[in-house]
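Next up: the structures, one after another.
Both of the next two complexes hold subunit A, though its partner changes from subunit B to subunit C.
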Partner chain A sequence: MSLNRSWDSLVITRLKIRKYGLIIGTSFQNSLAYGANFLFDTFFYAFVLFIFLQLWRAIYGHGGAIAGYSLNQMIWYCVITEMIAFSGSNIFYSLNEEIKNGNIAYALNKPYHYISYQLANGLGLMGIKIIINGLFGVFLGLLYIGPLNGFHVNYLPLIILLVCNGLILNFFAITCLGLTAFWLEENTAFFWIYQKLSFMLGLFLPVEFFPGWLQKLALVLPFPYVFYGPARLAVAFSWEKFWPILWVQLGYSGLFLVLALLIYRKGVKSLHVNGG
Partner chain B sequence: MAFEKRPGDRNGEIFMPIIEVAGLTKQFRTKVKETGLKGSFRSLIMPEYLTVKAVENIGFQVEQGEILAFMGPNGAGKSTTIKMLTGILYPTAGKIQVLGLNPTRNRRQLAFRIGTVFGQKSQLWFHLPPQDSFRLLAGIYEIPDREFRMRVDYLVDLFDIWDLMRIPVRKLSLGQRVRCEIAASLLHKPEVIFLDEPTIGLDIVVKQKIRDLILLMNREERTTIFLTSHDVGDIEQLCRRAIIINHGAVVLNESVKNLKYNYLNYKIIAVKYSRPVSIQIPGIVKLKEKEYETAAISGESMEYAAKIAVDTKKQNLQHVVNQLMGLGEVLDITISDQPLEEIITAIYTAAPEMNANVTES
Partner chain C sequence: MSTAVNPNPKKPSVIVSHLRLLAAYFRFNLAAAMEYRGSFLLQVFGMALNNSAFIIFWAIVYSRINHIGEYGFREVMFIWALASAAFGFAHIIFGNIRQVSRIIMQGELDAYLLQPKDVCLNVLCSRTEVSAWGDLAYGLILFMAVWGFAPGEFLLFCTFTVFSGLLMGCIMFSGEILTFFLGNTTVISRLVTEFVISFTLYPESVFRGTVKWLIYSLIPAGFIVFVPLKIFKLFSWQALGLLILIDLGYVFGSYLLFRLGLRRYESGNLIVGKL
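What follows is the complex of A and B.
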């Protein structure tokens, strides 16, 4: 009897896990159907890196190090940050659109949680992108500047972990921003500010390039943990840096997830009552 | 107020209400959007609201295995009603029970037992073939693999969509897509299916095909079907009962038999002749007629077109058409239903009681 019941609940749990697994898989497949877009993205990725290569070569002149980074490390830093930037999800725009045109309503009579659905969907998309951009990025780095000095392959899984965490942190943060569309007609300004801050505080420049007070400030904000954290550890791994970066990433991800769920709950309530 | 539960007996048939609605009302409070910077600033601090009564105090029941058409012109409140029945929107007032559940409180639970097809929102992934979306839906509805495979085989066969299952949805015609869409909504064996304007935008042949499918799924599994439409043809061919709403209120809730006899009795015939004729058939109403010049192949000539209404209660349609055909060389002839708007007007003229449905608050 009780064995039967626990067997049943096992089957149900399996079906629920399979549900979100299938969403990830379908989104993965759907993204592959946009093959041409990927081609354009990888081309653009190569182009952006090429610009950075020229820029940093000119700045570095005949070698040396700036803020502790050698030219070789700097280029690999850019490879990683741009890899993350090009693999992000478009969740802000898709939420914005679905909420504003009211199509979100049709997701509400399906037996899944909308945010879990969006996350699974985003994971599929980001998954395929990071695989393609990851391989392509390594190829570009080798092509442009050669192997990353001092890199140990043992750290690779940890770097991959941080890169994935960065993507997820970014995903939850912009999910919160996208969900403001429930109330705000003009919410793209927030996204714009968020983007510019994360570009400045990590995508283009490592945090070490800033004056001390700004470094301190930046490191308590979420932005450096999307791009800077993973890239910094990829080019110069240290356990003392790894743990704080990992914890802050997880902390902010959790915070933004909870925030997203709260915003969603309030928004969807107003949709139930007011039709969005 | 509790619903009276009355599995009853009518004409010797057991009937069980599957959907019960009483006093259902939905009002939308929308912010008045003002233009310009000053306007948007003002609406941020002191927003002005407009209350729109989308659905007002409607009540009805749907029995198990019934096909019910919920008819009304654009903006009548059909989609709003479906959204309340499926738990997407919460009613402002009134009671709803669907399959014994309250959609507002048991939305997720209800979701497993109902199917929905919204004409304006596809549940198939645009870039993938339907079979992939089917697999995903099976996952979403937690259908075990073996069951899913049997179900797909059955539906694909029933709806004759074998050849469409592997083609990306973006490459399907609208009609083909709707067929797959309806099959997809049946994967989890819903007890009730809600179709919001399933025939909108389809041409006559495809419309007919979709109607056949709707009848088929009703007959095969005794699925209860709640269908909205503003196409009079849908009522005539699908249902035994229709509810007509306008401005959010029920105008008529009647068997199609009575409806046909009392309101759907007018057919509109548009006919075009190669030369002017004089139509003098007793009992018909000439709505429009027009003579006009045309540059035909053999020089200039006059053509003639007319639109007439036939009361099929009084006139035999076939007889009228035969007479029209005898009057001269017919270039074109079409027979159509009276538009829903006119039928509603006719109903109102019989019982006039309407007021504006928008008030400021």
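What follows is the complex of A and C.
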């Protein structure tokens, strides 16, 4: 009896994995169909890096290091943070639109959990983006500044793990913000603020550039773990920093996932869709 | 005989009637935005706060170095203030600037073609962007916070805001109307917009070689923020007059491009209601 039950649950789990796997695959293929968007993102990624290259060259005019970062490390830091930024999901806007125009109603009676569906869909999109931007980013980094000094290829899988965790942490955080559309007509301002905090606390500048008190404050917030964590370890890997960054990423991802599920459950109960 | 003379004194001249249209659109768009006051204020303050984040970035950078070329912290804040205010001004008055490509592709231009006003102005002004009020407010406040409030200087800054706004707007608009000639140019128009914004936000000394040529020609960020900063620091009427002439030249050029493109426009026979 107990054996049957565990066999059943195994079969159900396998079916679920297959179902969400198919969603990831479909999203992956859909993303590839919109070549123009990729072209824009890739070109803009190169442009943004070019601007930062010029800016940091002007700042590092006299050589040396700033906050422990050489010019070479700083440019590679930007390559990685911008790579993550350009590979992120646009889940906030799609959730906002679906909730506000009532299209979410069509998803409620489908045989999947809405948040899991969004995650699977997002993973497909982020997957293809990170592959393209990753390869292109490495090419741009080599072109702009040359190889990253002191980088060991052995650490690459760990850096990739942190980059993926950063993307997922960011995904769940903006999912929470997008789901506030259940109650708020205009919630974009919250997204802007979240986005800019992430940008300031890691995307543009490493945390080491901040004054001491701000460094301490930043490191307890989730924002630096999206961009700063992976990029910091890529340019100067250390096991002492790796474990805390990994655990905080996982902790915040879990927290935002639970929060998203709670907001969704509460939001769906208060949903009113008129017409069709 | 001058064409500017109005043959019928009761009927306003073309310029006056279009200025009235502009004022009417501004009033109605503002009233529509204020209908949802909470949303309006949230967007305005949200955008201002959003922009403020970059002050921290520059403050931290300048805590480590003194100058980037000739630019200190105050100079960078000036170009940020002007770029934001100009962007805000352009999108408040000409809220459809970044929608033109879509309007052309979806055949929505038909509704404007039937109206007895200039199509270009009519399309651009018929909408406003609420968050642009936040950009404008941020620009003006940042300028006063960093450079202080002296009426003459503030007036000069406002003049720059208007003309830089027109220039910034017409470059974005030109990117959009390429749709007339090339079909779906969403990617190009997005890139033009991003180029204009990005080039206006960093010190001029960052850009060298071909890029320097680019910011004084195709993407004239130089005339949007860098030249105004030079005039602001070392004022001369001649330089100001010349800058305004250059700005108006770009505006006229984009208007001509629109008229040229309009000849190639084909109606999609789309039935739309425009109130």
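The criterion applied here is as follows: the second predicted complex is superposed on the first by the 258 of 276 C-alpha atoms of A that agree within 3 Å, B and C clash if a C-alpha of one lies under 4 Å from a C-alpha of the other, contacts with A are read in each partner's own complex, and residues count from 1 in each chain.
The criterion applied here is as follows: a contact is a pair of C-beta atoms (placed from the backbone, for glycine too) under 8 Å apart; a residue touches a chain by one contact, two chains touch by 3 or more.
Just so it is clear, the model here is predicted, and its values are computed rather than measured.
In the superposed model, A:Gly64 lies in contact with neither subunit B nor subunit C.
In the superposed model, A:His272 lies in contact with subunit B only, and not with subunit C. In the superposition on chain A, A:Lys110 contacts subunit B only, with no contact to subunit C.
Once the two complexes are laid over each other on the shared chain, residue contacts for A:Leu15 go to subunit B alone; subunit C is not touched. Contacts of A:Leu39 after superposition on the shared chain: subunit C is touched, whereas subunit B is not. Looking at the shared chain after the overlay, A:Phe199 reaches subunit C, while subunit B stays out of its contact range. Once the two complexes are overlaid on the shared chain, A:Asn30 sits against subunit B while remaining clear of subunit C. The intersection of subunit A residues touching subunit B with those touching subunit C, taken from the two complexes, comprises 185.
Across the complex, subunit A is touched by residues 36, 38-39, 42-43, 45-47, 49-50, 53-54, 56-57, 60-61, 63-65, 68-69, 131, 184, 186-187, 190-191, 194-195, 198, 202-203, 205-208, 211 of subunit C. For subunit A in complex with subunit B, the residues that touch the partner chain are 11-12, 15-16, 18-19, 21-23, 26, 29-30, 33-34, 103, 105-106, 108-112, 185, 272-275.
In the complex of the two chains, the subunit A residues touching subunit C come out as 36-37, 39-40, 43-44, 47-48, 51, 54-55, 58-59, 66-67, 185-186, 188-190, 192-193, 195-197, 199-200, 204-205, 209-211. In the complex of the two chains, the subunit B residues touching subunit A come out as 28-30, 33, 80, 83, 86-90, 104, 107-108, 110-112, 114, 116, 118, 121, 123, 125, 127-128, 132-133, 135-136, 139-142, 144, 168.
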